[in-house]
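After this come two complexes, each holding chain A, first together with chain B and then together with chain C.
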Partner chain A sequence: MAAPTAPVRRRRLSSAAAARARVARSEHFTGWAFVTPGVVIILLFGAVPVIWSAVMSFQQSNLLSPSTPYVGLRNYRAMVHDPVVAQAVGHTLVYTALFVPGTMIAGLFLAVAMNRKIRFISFYRTAAYATMAISTISEALVFIWLFDPSYGVVNYLFSLVGVPQQQFLNSPSEALYVIVVMTIWGWTGFAVVIYLAALQGIPQPLIDAAATDGATRWQTFRRVTLPLLSPASLFLAVWLTINALQLFDEVYLSTQGGPLNSTSVLVYYLYEQAFQNFNFGYASAIAYFLFLIILVVTAIQFRVGRRFTYYRS
Partner chain B sequence: MRTHRLSVVLGSSLIALGLVACGAGSGGSGGNGKSIQIWEGYTADEAKAFAHLVSEYEKQNPGQTVTSLYVDNDDSLTKVLTAVRGGSVPDIAYLYGSWAPNVAQIPQVVTLNSVVKQPSVNWNDFWVGERDVATVNGRVIGIPALVDNLAVVYNKTLFTQAGLQLPGPGWTWPQFVADAKKLTDTAKKQYGTAYVTPGNEDTVWHWEALLWEAGGKILSADNKKAAFDSAAGLRSLTTLASMAVTDHSMYLDPTDSAYANLFNSGKIGMLVTGPWDLSSFPSVDYGVQIMPSFPGSAGGHQTISGPDNWVIFNNGSARTAAAEKFLLWLTAPAQVTYFSLHTGDLPIRASVANATGFYQSMNKALPGVGTFINNLGNVRQARPQIPTYPKISTVLGNMVVSVLLGKSQPAAALASAAQQVNQILANPNP
Partner chain C sequence: MSAQTHAGGRSRRRFRLPFSGWHLVLLPASLVLIFPFIWLIVTSVETPAEALHFPPILTPHVLRFANYPDALNAAPFGRFFINSAVVAVVTVLCNLVFCSLAGYAFARLRFLGRSALFVVIMTTLMVPFQVTMIPQFIITKWLGVHVLAGIGINHIGALIVPNAATAFGVFFLRQFFRTLPVEYEESARVDGANRLTVLWRIVLPLSLPALATLAALTFLDSWNNFLWPLIAIDSTSQMTLPLGLATFQSAHSTDWTLLMAGNVMSLIPMLIIFFGAQRYFIRSVAATGLAGT
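Right, the complex of A and B next:
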């Protein structure tokens, strides 16, 4: 019984499948045709440089002369013996360790303070975000003057309260911290916006329930608000870390890695190697080393972060 | 569906066409030389004067067009490199002189020895410092585009207030140090002088002028060994340290951006700087004097110059010939005179500087620039023309900064830097 009908049914099925496949194919084709220009541009300006710099990291290349001999792992080996690379890694990690929590705490504090209905609240919120809209060059110039050892406001304030005068950007032991302060100021607005959005997504009944249960404001913040903000915190931690590990603009504009390499971070050092010393091969190797650091740090953040992150769904 | 597909095809081909057009429009080899492209980084007065000269040239040479494209000077080598890879290199580019040894390695760079040998060019009319920087191992790779030098700009009012005599042409470094000390007033936050300490080439070349004046050399004659760890090196660094560390008469500017404003606000007595800064001092009654000398040194009064070059890239013989013709016209005395008078830039030719009335007209337009013009005669040496110079400069920058910040003694800093430089010279690649 089944035998004679089966081929018929199969045929009908297959013709339907074929029709569906035709539709799918043509939709696929159209879809791909639409995204192709975008994909080509991304490949051209994204993937090609990534691959090219990987190749270059195994070459001795100054981009000037056409001869680019293959040198194997020499660039990577040189990195191990380069004292400035070790310094730059240290500075990059110290900077990241201070900048990321600093920005998140400042951002959280301001966001909580501004998450209420008070007069001129939109003005305050705009002001907090304005730091993101200010160009890095203006930011750097302002901070250079604020922290000028002789004429700066910061040393003037120090003199009023009896703190000894500091050398700031002239001091190898202080310059990096000035850059930390400068960039925290510049990025806090970003953290404020993210935290404000997250705060406004916290359901009021949960807060009310905590209050009914007799929780103090601090307990409510610590046990209800903070856990509900954890997805935002994880996002900020990852995003700010990736940015911190790639610090360049502020260093380039204020200290150029000085004094005495004390603010030389990895991206600034690879810029120097590439565009001042014309060691493009070596610079590419440093870039890949940095990529590895970012990969490892981000992986750790996601792994650790997952344990502390609470997703409501 | 068909119309969609059609629009996709159309869209893709438009993009493809656009890419092709980009490739063809901005350069590429071939052509009959009727149209050449030049990359320059002129702004404001310089841009106006340059545009005028280009249109003048086109008028004198009907059928010839010179397209100029603004490229920030700091980025021009990077962009040239990209263009070389993309096969769309310009015919002429303005490139910093400090890049010359590296630029010489680009295969498309045109050798100009036979061009500058033509008697009509009068190559020796260009200052020796310029010719040195345009030449790499005997090969001429550029035509001078700009010249400058360092001299001392001082605040006359502060000198009078301190009861000091204005600097004379025969002054010495001990006098400079003593003046700086007297001009310093901690209560008023006023400094005798300033020094830029980002540790980059700007830090380094200020010191190199002192080294030469003290009778020293940066490298041995064959560029194989460090030569600055010498009595002259010690004398030059000790002089700077006495102001920065001992007397605290030197404002240290780690950002390279504050000193000019401070001088213009009357907070700094003397600055070693170049003619480009003069227009930033409208509020100060300033004078200009050549650099002091070291008593008893054979070096005498010297200065350092950072000339830049016009470099020609090969886009076929017709376009190379057209580019050479244009550059020789642009750097001929008449055009140099016009450009200097309209921009305040120092004349790149000695004959222009010495022409009757030129000095007076320049000095009237930009007070003090005359001393910089005369000072061009004190440019007697150039920095080493070797591809590793940028790396050497980094070492020297750290050496000078460590001494000025009081982190190391001059003798120890010299010895350590010399050792690092020798290592770079022996082993140029990382």
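Right, the complex of A and C next:
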């Protein structure tokens, strides 16, 4: 079906074969016409930047100077020796290690409690869902106010039970934990929705069967419900971890990485390097390092998770 | 004994409490969950003196609604809202159109380079935004200078174009389209309908749940996006609500009544939209979880 001889040959083809050839050729055209708008955008803003920032991470690239000389691994070497990067990695991992289990436990607990037909249940569920409607910035702003050292409600509650006034976001030893609390609150609704959906997928006969066999409610939960929720748990663990490693909004609004760098997380430091110092090369190296951390952590989660995950069917 | 207490214990408890014991857990938990909202609203109608009072005043004496006009004078929240709404709605519409077209082509059409292209798109799905944001900034800047100012840095167009189609949307709709029976499409093709007609008249009407899910998720993402607007937008007139609120906060960091009035104003539209379409939002979020598992 070489193109140049087509006019001669086509007459010899049966009309059905010609039709098929026409369809096949038009499918190439239609296919490309259909994918082009979306693919151009995804390639231009997704694929090209991936390669570009990889290249930039080997350059001394700066918005202010036009020349971008190659410097080999210098950005990566500088990163390894940068004490702020080491701190930021530490803070990011501590934050993730607290935020992910915290959100999962809160979500699981509430979802189990809400998975029943009792009065006011739609009020309870709505209270959890509402946290999904609030943006990270609004959320952070409210929590800065709640945790205000001088006039905040939390210090007031503490004073009622005799705990001395805390500095919270102004304290290098407490600020990161306040951010953990506010983000757990912000993600609770999401975790509840995921767990509720999974709980409602568990067939009631399975639960009843366990009860008939004499299992207590705790045993049923531990041995039947929890294993059946494991795919949802694995999903949540991975999803929340990816988000936790990219923590930025709350830090930007509440502490800007301070006090004394105590809440400097990787993405915040990367943002500072890229858009305050305009060290595009160095920031790109940090971005790739972050990417590597995300890949490694999620790979481990899937590896370990698969062993504990129980799939029905 | 233990088997007996199980059955007996349940009826005994029901006898003792006139309501389900779960209320004792759920009521305090719900209060903790909604207290930030309540406190936000209370502060927004207090006088500055009441807000800066310790112990905090839970029930203000006079409702000072003047905080709201004051906040509106300090920052154009109406403008922010319109910008957010325009960006979110246009982004959703673009995604529905572009991802449907591309998703359908990847699901049903055999064209040269399809598999390779699909693999490339899937790869971008894994990359975090932080890796692509610097080149995205440079590209957007270039487009604004050399192609069209309206899609360049410091215009809301810059918030729409890079997200006008997403790898997730293409993948999500492709997966859904592949579950549809191909027979309807084939019979329409035999009747002479072209691919665009098939997509518009047959495939999309069958895909409304998937389209609603994609729309809801895209809307939430766009509405809450902060990092990219922070990088791309400088002037107040082009800011979206999260960025406008953050800028407002840095300018009035101790005017708590003003800040909370502004915060309420930036929250209310989303709360209304969210609870108006709660079914879709909840179902969509649950769908990502079920799909992920």
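One rule holds in what follows: the second predicted complex is superposed on the first by the 280 of 313 C-alpha atoms of A that agree within 3 Å, B and C clash if a C-alpha of one lies under 4 Å from a C-alpha of the other, contacts with A are read in each partner's own complex, and residues count from 1 in each chain.
Heads up, the rule we're going with is that a residue touches a chain if its C-beta (ideal position, glycine included) is under 8 Å from a C-beta of that chain, and two chains touch if they have at least 3 such contacts.
In this text the structure is predicted, and so the values were computed from the model without any measurement.
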item	value
Partners on chain A (chain B, chain C) - clash or fit	clash
Which partner reaches more residues of chain A (counting touched residues only), chain B or chain C	C
Chain B versus chain C as contact partner of A:170, first or second or both or neither	first
Touched partner set for A:37, first chain B, second chain C, both or neither	both
Contacts of A:282 with chain B and chain C, given as first, second, both or neither	first
Which of chain B and chain C A:75 touches, first, second, both or neither	first
First, second, both or neither for A:193, with chain B first and chain C second	second
Chain B versus chain C as contact partner of A:142, first or second or both or neither	second
Which of chain B and chain C A:272 touches, first, second, both or neither	first
A:258 touches, of chain B and chain C: first, second, both or neither?	first
Listed stretches 44-52, 80-88, 278-286 or 386-394 of chain B, narrowed to the one that overlaps chain C	80-88
Chain B and chain C footprints on chain A, overlapping residues	29-30, 34, 37, 141, 145, 148, 150-151, 275
Sites on chain B touched by chain A in the complex	1, 4-5, 8-9, 11-12, 15, 78, 81, 85, 102-103, 105-107, 189, 191, 197-200, 251-252, 254-258, 262, 267, 387, 390-391, 394, 397-398, 401-402, 405, 407, 429-430
Residues of chain A defined as touching chain C within the complex	24, 27-32, 34-35, 37-39, 41-50, 52-53, 56, 110, 113-114, 116, 118-120, 123-124, 126-139, 141-143, 145-146, 148, 150-153, 155-156, 159, 185, 188, 190, 193-194, 196-198, 201, 211, 214, 216-217, 231-232, 234-236, 238-239, 242, 246, 248-249, 252-253, 267, 270-271, 274-275, 280, 283-284, 287-288, 290-291, 294-295
Residue numbers on chain C that touch chain A, as the complex places them	2-3, 6, 19-20, 22-23, 25-27, 29-30, 33-34, 36-37, 39-40, 43, 51-56, 97-99, 101-102, 104-106, 109-112, 114, 117, 120-121, 123-124, 126-139, 161-167, 169-170, 194-195, 220, 223-224, 226-227, 230-231, 241-243, 245-246, 249, 256, 259-260, 263, 266-267, 270-271, 273-275, 278, 281-282, 285-286, 289-290, 292-293
Chain B-facing residues of chain A, complex	26, 29-30, 33-34, 36-37, 40, 60, 62-66, 74-75, 78, 82, 141, 144-145, 148, 150-151, 169-172, 175, 254-261, 272-273, 275-279, 282
